[in-house]
Structure formats: C-alpha cells, structure tokens
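Naming follows writing order (A, B, C and D), and every chain is counted from residue 1.
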Amino acid sequence: MSLTAPLHGVVPPVCTPLDRDGEVDTASLARLVEHLVGGGVHGLFALGSTSEVAYLTDDQRGTVLETVVNATDGRVPVLAGVIDTTTARVVEHARTAARLGADALVATAPFYTRTHPKEIAGHFRRLRAAVDLPLFAYDIPVAVHSKLSAALIRELAEDGTLAGLKDSSGDEGGLRRLLVGLGGRDGRARGPAPHFSVLTGSELTVDAALLAGADGVVPGIGNVDPAGYVRLYDAARAGDWTTAAREQERLIELFAMVDAGPEADMGRSSSALGSFKAALRLLGVIDDGATVFPQIQLSAESVALVSQRLRGAGLPPVR
Amino acid sequence: MSLTAPLHGVVPPVCTPLDRDGEVDTASLARLVEHLVGGGVHGLFALGSTSEVAYLTDDQRGTVLETVVNATDGRVPVLAGVIDTTTARVVEHARTAARLGADALVATAPFYTRTHPKEIAGHFRRLRAAVDLPLFAYDIPVAVHSKLSAALIRELAEDGTLAGLKDSSGDEGGLRRLLVGLGGRDGRARGPAPHFSVLTGSELTVDAALLAGADGVVPGIGNVDPAGYVRLYDAARAGDWTTAAREQERLIELFAMVDAGPEADMGRSSSALGSFKAALRLLGVIDDGATVFPQIQLSAESVALVSQRLRGAGLPPVR
Amino acid sequence: MSLTAPLHGVVPPVCTPLDRDGEVDTASLARLVEHLVGGGVHGLFALGSTSEVAYLTDDQRGTVLETVVNATDGRVPVLAGVIDTTTARVVEHARTAARLGADALVATAPFYTRTHPKEIAGHFRRLRAAVDLPLFAYDIPVAVHSKLSAALIRELAEDGTLAGLKDSSGDEGGLRRLLVGLGGRDGRARGPAPHFSVLTGSELTVDAALLAGADGVVPGIGNVDPAGYVRLYDAARAGDWTTAAREQERLIELFAMVDAGPEADMGRSSSALGSFKAALRLLGVIDDGATVFPQIQLSAESVALVSQRLRGAGLPPVR
Amino acid sequence: MSLTAPLHGVVPPVCTPLDRDGEVDTASLARLVEHLVGGGVHGLFALGSTSEVAYLTDDQRGTVLETVVNATDGRVPVLAGVIDTTTARVVEHARTAARLGADALVATAPFYTRTHPKEIAGHFRRLRAAVDLPLFAYDIPVAVHSKLSAALIRELAEDGTLAGLKDSSGDEGGLRRLLVGLGGRDGRARGPAPHFSVLTGSELTVDAALLAGADGVVPGIGNVDPAGYVRLYDAARAGDWTTAAREQERLIELFAMVDAGPEADMGRSSSALGSFKAALRLLGVIDDGATVFPQIQLSAESVALVSQRLRGAGLPPVR
C-alpha cells in the first residue's frame, strides 16, 4: 500500500514474538498484526526499537518484515526500520526492505560513531537516493546519543529527502517549535513541505502532541491496546480534547505495567519490552512473552503485576 | 498574601533589571511587577533561574525580593527562590525570604555535590521544618544535574512537606504520569495531597500541560507577554483548547527571539535571558537590557531581531 | 606564606571535622592540620570539595579558613577554595579569604548556569583583578558540569590570570597534552608561563601525573595518609619510578575504603567523604567522623571495613 | 598465530584504506600491515573503531580481515573486532572472524539498547561459548555509552570468559584500581587470572599505563609511527621511564595532527581518523587518505598541517 498522503494516525511499533528456541514466531506475529489492524490502527512500524530490531540478525529481520507485510496484506501501510550504525549498512537493510514490500523506511542518525549534523544530512540524502521509498527520520537520542535538530529536519523536509519524522526524543518543546515552523496543523497543508508527516513516539502525551498539530503516534503500548489509541486519536480529530485526555490517562495507568516487579530496577528497557510482550501473551495474542537474549526475563511476580494492570484498564487476561 | 488554596494560573519568574553599574534597578523592577500584575498574572516567582538568581549576591537577592514584595503589595502571592548548593545554605536564604515577606519558597535539590534521593528527601524535610512557609520543589535537571523522581515528589506531597512542584525538567511524559498518580484534575481535589499544586516551567507546551491537569505555568517569556499566557490559561480553563493552542503558537513564534543573532551560538542560557530583557527594554518596561556579568551581552543585530519578533506577535516596541 | 615559586608537592584538600551539633570542630581541625603538616605535605587546600565546602554556610567557611591558617602558622601555603555559582558571589568569598590570610585562591567555572568559554575566561579575569592573590583554576566537571579546555587554560596561564590548575577532570590524556604544550617538565621553567603550577586531583594515578610533568597532587585520601603521598612524591622526584608506583599501589589499596559497606550503593560522594572522616577518627586525629547534613552517615559495618583497610595499609587504628 | 601467552606490547588498530570508489584498497592495506609489522609491533587489531568498522558492510569487513590475516602471515597475532549491537549479531561476526583466521576476538558491550551489567555478562559468556577464540572486552563508553565496571571485568577474567581487556574508557583511575586488583605487574603472573591481558587504548598516556602494570597499548596513531610506540614500550619494559616519557611526549606532539584545520570543529572523530589516513598517504604507505562516507574529508589546509606535524616528529612525508 503506497503512501499517497501524509501518514497519520496510530502506527504501533510491532513487537517481535519469539518461540521457545528464540526464533521469530511467525504465527504469533501474524496474530499480532491481526490484533493491531483489527484494533483500527492506521499503519504498522516493523523493525523498530520496540520490535527489538537491535537484537535480531539480518535473517530474523527479513522473516519479521516478510511476515508483517504478508499478514497486513495492504490493509495499512507498513513502515520498516532500517537500523544500523552507518550509511552503507543502512542502505543494505533498505534494499532488503524494499524487496520485501515495505511501504516506507525509518532510519536513525548514525550511531556508535560521533557524527556531525552535516554528515547526518549526507547520510539521509544518500539513503533517499539509494532506495526509492518514502523515508522517515527516527529521532531517538536515548539509543543513538545525538539529537536531530529542528533546523536539520526542516531542511530535509523542504528538499524532499524526508517524508516524515518519528520523534522519540522526548523533547516536546522542541517538537512544538518544529510543528509551528512547519505550519499547517489540523489537516491544512504544511507550507514548504506539504506532505511531511510528524509522528510522536511519546506515548504518554499523545493528546498533547495531536493538540500541537502532530499527525500521529507510534505507541509501544499500542501493541497491547491499539483500540485505546485509536479512540484517543479519533476523539482528538473530532476536537473532543476532554475525551482524548481521559483516554490518555487510562492508557497511562495501563503503561504502569513497565514498572512491574524487581527487574524494573534493572533498567526500563528490558522491563518495558518484557511487560508489553507478557501482556500480549496474557491477552492470548502471542504464545510466549520472552524477549531476545541477553535481556533478562520478567519474573512470575512481575507478570502478575502486568496481569493486574490489564484488568485495571478493562483488558482482562485470557490466561 | 498567604496561599490559602493551591497555587494556580500564570506565575512568571520575574526578570531582574540592572542599572548601568550592574546593580539591581529597583525602579525598573517595580515597573516590571506592575506590567505583570497588570497583565493579569496569578502570582510572581522572584529569584528563580530566569531572575539570574545564581548571579546575584545575597545583598542583591534581598533587594530584589524586597522590591517585588513591596511593589506587589499583596495583590498576588510572591514565591521566592532559595537557590544554593545544600541545606544549611538554603535555610539561610529561606529565613531571609520569610523575613522579607515571601508567601512561599521554591528550592531545588542540592547541586555541585552528588546527592542520593534519600538525602534529597531529607533536604526538603529539614527546609520545611526550619521555615514555616509553603515549599515548592523546583525540578531543574539542566541546572542541578539530578531529576526529582515522581516517587519522591509523591512521598513529599503526601506527607505535607511540599505544597507544590515547579517542573522545569522537560520530561513531559514523567510529569503526566505524576499528574495521573496525584489524581484530581480540573479543579477536583487531588487524592492524598489535595492542596498540591503542579506548575510547569515548559513554556512552549502550556496548553498540553493544562490539558494534562497541571495547575499553572511559570513562563520565562511571560515577562514579555503576561497577558498572552493569561489568555492561554483562561481559554484552557474554559475548555476551549483550540483557542489555547492558537495562543500557545503565537507565544512560540514570540519565543523565537531566543534564537536571535550570533550569540545564540554561545549557548541558549545567555541568549534567552538577554532576549527577554532586551524585549522588556524595547517595550519600555525596564530601562536597560543588560544581563549580569560574566554573561555576554546581545549584539545590536540580535536586539533588532528581538524587535522584529515583538512586532510579529503584536507587541510593538516603543523604542 | 606567600607563593614565591610555583606550588608543588602534596597539597591535601583538608577535611572539615564536625562536632556533635554539626558545627565545625576547630580543635579537631587544628589537629588535622598538624597531622598533615607533620606528614610533610607541601601545602594545604582548605574549603575544597573534599572539605564539604558546598555544605558549609559562609560563617562556617570563615571558621574553617581561620582555623587552618592559624594552625598552619605559615609553615606551608594555604590555598582557599572560593566556591560559588558565579563571579560576584565568588569575589565575595575571595575577599573574605584574603582577609583571613589565605595564600592563594582556588575557583571553579560558574555552575548552576550554562556558561560559554568566553564567559568563563571573563569570570577568571575579573576574579584575578578583584583580589590580589595567586589564582588557581579548579577543573571539576563532575561538580560544575563543564570542562575547562586546554586552550582556555593556556590562554589564562600565559596572560598571567592563573597561577595554576587543579585538575580534577579525570581526563589524563587532556592533562598530558596540556603539560606538553606548557613545556618545562622536571623543574625546568615552563615556556610562556614559567611559574604556572599543575596539580592533579586524580589521587590514584599520581605517579603517572608526575612522570608526565605535573607539579603536585591534591589527594583527598592524603588526609588519611599524608606521609604516603609525600613518599610517593619524593620517589618520583628522585626518578625512582618503581618505588613511586609501589607506594601508589599501597595507597590504592587504602583508597578501597570508599567502597565500604552498603552506603557505597548510595553514591560515591557520600561514602568517600564519610570513609575519609571515619578513618581520621579511627586514627585519633579527629573526634567525630560525621559528614554534613543531608549526607547519610556510614554504618557501623562500613566503619569496620574502613578500619580493616587502615590495618592493611599499615595504619593501625587507635580506637 | 595462536595466543599462547598473554598478549602484550604494541597492537595498533589497523586503519582501513579505501580506493577511489570507496571500497577497501587491499593493496594499500597489505602495505600498511608491512609498515606496522616492520615497525616491530606485537599484534594487530583489525576491524576496530579506528578501522572505521562501524562504516563497513559485512562484505567489506570480510575483505579487511582476510587481507590483514594474509598479509600478516602469522608473524604476529591478529585480533578481530566483532562490533555490532547485540549478542546474536556479534556471534555471526565472530564465526566469520574465526573462519577467516583471526587469533582473537574483540567485542564491546551491547549498544543502541540499554543493557544491564548482568545482561552484559551474559552477552560475553554466550559469545565465548559460541566461538572458541580468546575474547577481549572492548570498553569504549564514547561509542557504546556504558562503562564496563572493574567488578564485571574481574568476574569475567577469573571465570575464563575473557582473555583480556582493551580499555578505551579514558578512566585511568579505574584502570589503575583494576590492575591493582588483578595483581601481578612486571611480568609476574596475575593472581586469579594469570593469563589476563590489559591493553590501554589511551594512546597519550602509555608510559603511565605501563608503569601501572598494563600489558600493552592499542594506539590509533601507532598506524603512523609504530616504531615510536615500540621504542616507548621497550624503554618502559627496561625500566627507563624517562626515555619512555620523552618518547610519549614526541608522540603527543605528533598526535596534535588531529586538531588540524577547520574540520576539527566538526568533531574529533572525523578529524582524527582523517588525519591518520592523510599521514599514511603522505608517508607513502597507502594510496588515498579518504575516510568512509558520510564522514567529511580533510581540507587541503588540514592535510598541510598534518604534513607539518609529521616533519616535526621526524617522519618526513614522501609526497
């Protein structure tokens, strides 16, 4: 499904279910796609950080993307993360993604290396030139340890390099300044980059981002409750901000599952991904809640807390 | 004016005008207080970061607070920043502030030293015990290099240590989780800490913070356009979120004055304070736009850009 | 005692003993000065980070400096830390230090604020102009969150603003580049800044710093074992690097006292200062090992581990 | 050449020369290997950060390692970097490296993700179990944004997971504490991990690291002047620390080539690698000084400064 208009709405980063051998569980992954599309989402983001892309071999990445594209079957666009250290390596992932049927690419700035903004601009431009698919910049300083400046994003939006931004920077003030600079909120065309799409990865302040003029959201916990984010999005689009805020608050209560248990002390990354996957298993969507090695698995106690959070949010576990 | 109810609304951090000798210009400061109170603000925060408190000697701090308290004359509450490295030093500032008539205190976590959360809790508790004024925690990691956790804030809200939070952390997701945890948005009493007041220092996302249930805002650029922030606040309180967002966007365009000129390359801190003070001079509120040594002063070119931003926001300079 | 030649040798940052009420214990402090001067040190640094300067009120700082100057009685130079957020506040401390008889001043870059290198240069220059005492720059990014560049230090050394550097940055490669740039190791005059003195605060690599051409060391654990650092220094000056390294290794074993007990988990700052003061109490030098509020005190278990480290290093406790 | 004893001495991270198309120039790379082995180095580290490993595709990595192994022909051990985000991806690189004849592996902690120390331990253990080659931990926080603790290194040294450490952390105090903990300096067997090898990546303080008991060094600028680092190492091993320090100082003057020209403002990483490769071209070792896209290339002005630094260090350019 090609992106004929700016991407908008709820675009969850699809979790990657594993089987008992740690390989991609394609049957569970196809069920997860059904769960999400059935929940009304507007697109899917495969091979993002929440998909544990950094833990998957190239073969596993291919299996994931092929499974998501096939299961989606054109009902919504599929964005593919092409996450690697620098340009030449990312281009290889991008070619594979195009061959496997992705509708758009999502790439970060280079990481491991220290890279100047001019070099980052060159990185995105070469990537855009190498593979003819809409390209989203993925601003995720917590992973790549540099921030994409508003000036850089605007330059690459206006010259057509970028089709959009996935902003996981947590810098809401900076995002707001970018949105004001781009112009065109509430469905009116943005000025110099009319088709540019801004998606927030800040899943706890989606009502605020939509009020500010963002086009959509990429919520990790949208794996668990896609319909909730769709309700939030629909209320916001209808201008019913109070309902949007209430739905956001319910989702924040649900999100507290990431604090579950003693492994929360071991760092948010593991526990967040682990709790999302545990929730999907408890809801009967996927068969196993394991995360990729070397991540430490959730304890039974934490899984119980995840279960409790699901009940509290009106999503009763089926096991 | 005592704080009989939770503090709410627009509470600008009052700039500190200087005379040609670099001393506090009390006449200009009194005019600035009139400008703010006349603009409809709900409180004043003297001796905050925007007041250049870290640059002022103890004598100068006393002059500032005395001037603000006298000029305000009880029309709105005056909060006093008590900013110093650790507890004993902060207590001394707090005693002075009480003597000079402050209505509440605003204190950060210790800085220069590395301080454990348990020690930070002890810091706020001893401060509250030492001086009988409502105490606000000032969460400003960019200055003190530690973040106050939601758990710590809730603990100190619920045991009565804190009357409120001024959140300048920029962590909007964390703030949202705190607000959901505290409960009681839209004027209903918060659960276990019914009088606790949450003010955001993120002046570019105030509509979002109010939608999320914050009680008010401490906007640096509210020095320049207090009436704009009051309109934003009133629209939000009336549930007119579209108007609130439009007003926020106008204020963001105005805020772009901080990017003015070549000294913007020298770091945001200097240019932001310098541009606010330049704007106040251009508007005829204060006599001189200088910032405290060793900050480098705005160039004429930058002042011209500030002037341009003022015109663009409908605030024509008078000089 | 004026600094007629570049400062060199062992210059411990003097701990600040407290009495049961948390006030400065001047009798213990005078005994500590005797312990240090008797150990052969070449200078004393009062009111540094290890002295808990950031925890002391202005009155307490005055008491400390007066006590150290009087107890030292001109036998070695006394450097005074003048630690505060920005220039005007630091100048006030500097004037007090001069009045109380300090032989030199030690100042950091501004903190709490974000300050451009040009502004930092202005800060040191105004400080040097305001008070006529030799001025040392204190490079301590862990506390002030900016690093003094080699270019800035060289500029301020060559124009006579600075008499020396106390380098607590931990950037040994950068220090080495600075030393090569300054020239003049092994007692030969440095080129353009012949009297400039470089002291390392990295107490675990003092042999290395001296091999690299540093003039001396400011070792926190030199409070506990001043004679050990003097032996290290003397061996290095004699070119006996193997002996110097052996002594450094013994001191590293002693330094492991900072890892003592469960409060080590609470952050190095508290446990390091607490263990030094506990050791001084165990050695009979000071009466009480308490650190300033709100720092959490060492447990009995940790004090036992400090005692064990003292024995292991040949410094048997007397209580 | 198998590692029958702990690795020691000078082990340069081999630069990766490129041809005009940006592909690996194998002829130049073979000449560089001759330059290094001819300079007396004790081992070679292919596919490290200085080799621009993060910029190379898997095919290019294979070409590099094959070329280095063949050109070395068993005269010294060849270590291969296996740099990727997490365990499964690193294991794939490790299997390739083993197949291509590497004598040892060098792996970092996971990056892009946030990883707990227990997970990092699992990462190294699984890697060691998967491929039967000596494994070095590569501590490089500037690239991976986590620090390997001394406790973790000791645990993995003592249980046989690790054969050594390449320490590029810049934390010389921490390295010293580790070395004291491991025991056995000056050729005597280390206690519980007798064959463990500690190599420093801090190329400006090698004399200090050897004095502290390190076994060797991995110097980036050793590509340019391998014989200089061998002289430094030999002097240190002979206990002639003054000669070692003098040689280190000459190499520091040479290292100043990384500050060359305006692109130094663009970040150290680009200019350092670019200046090393420019120097190798000027010395006639490789044909082209280009770095991998998207890195910005050195200007002619900067190349002239590199040339000047070479002359100053007694290494006259041949072109």
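Simple rule for what comes next: contacts are C-beta pairs under 8 Å (C-beta built on N, C-alpha and C of every residue); 3 or more make two chains touch, one makes a residue touch a chain.
All figures in this text were calculated on a predicted structure; none of them were measured in a lab.
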Could you check which of A-B, A-D or B-C has the same interface as C-D, with more than half of the contact pairs identical by residue number?
A-B
For the pair subunit B and subunit C, the C-alpha centroid-to-centroid distance in angstrom is 36
Taking the mean of the C-alpha atoms as each chain's centre, how many Å separate subunit B from subunit D?
50
Check each residue of subunit C and list the ones that touch at least two other chains.
none
If we use the touch criterion from the header, which chain pairs count as touching?
A-B, A-D, B-C, C-D
Considering only the defined contacts, which subunit C positions touch subunit B in the complex?
49, 54-57, 60, 83, 85-89, 92, 110-116, 118-120, 122-123, 126, 142-145, 266-270, 292-296
Note which residues of subunit B are touching subunit A in the complex, please.
170-173, 176-177, 180, 202-205, 207-209, 211-213, 239, 241-242, 245, 248-249, 252-253, 255-256
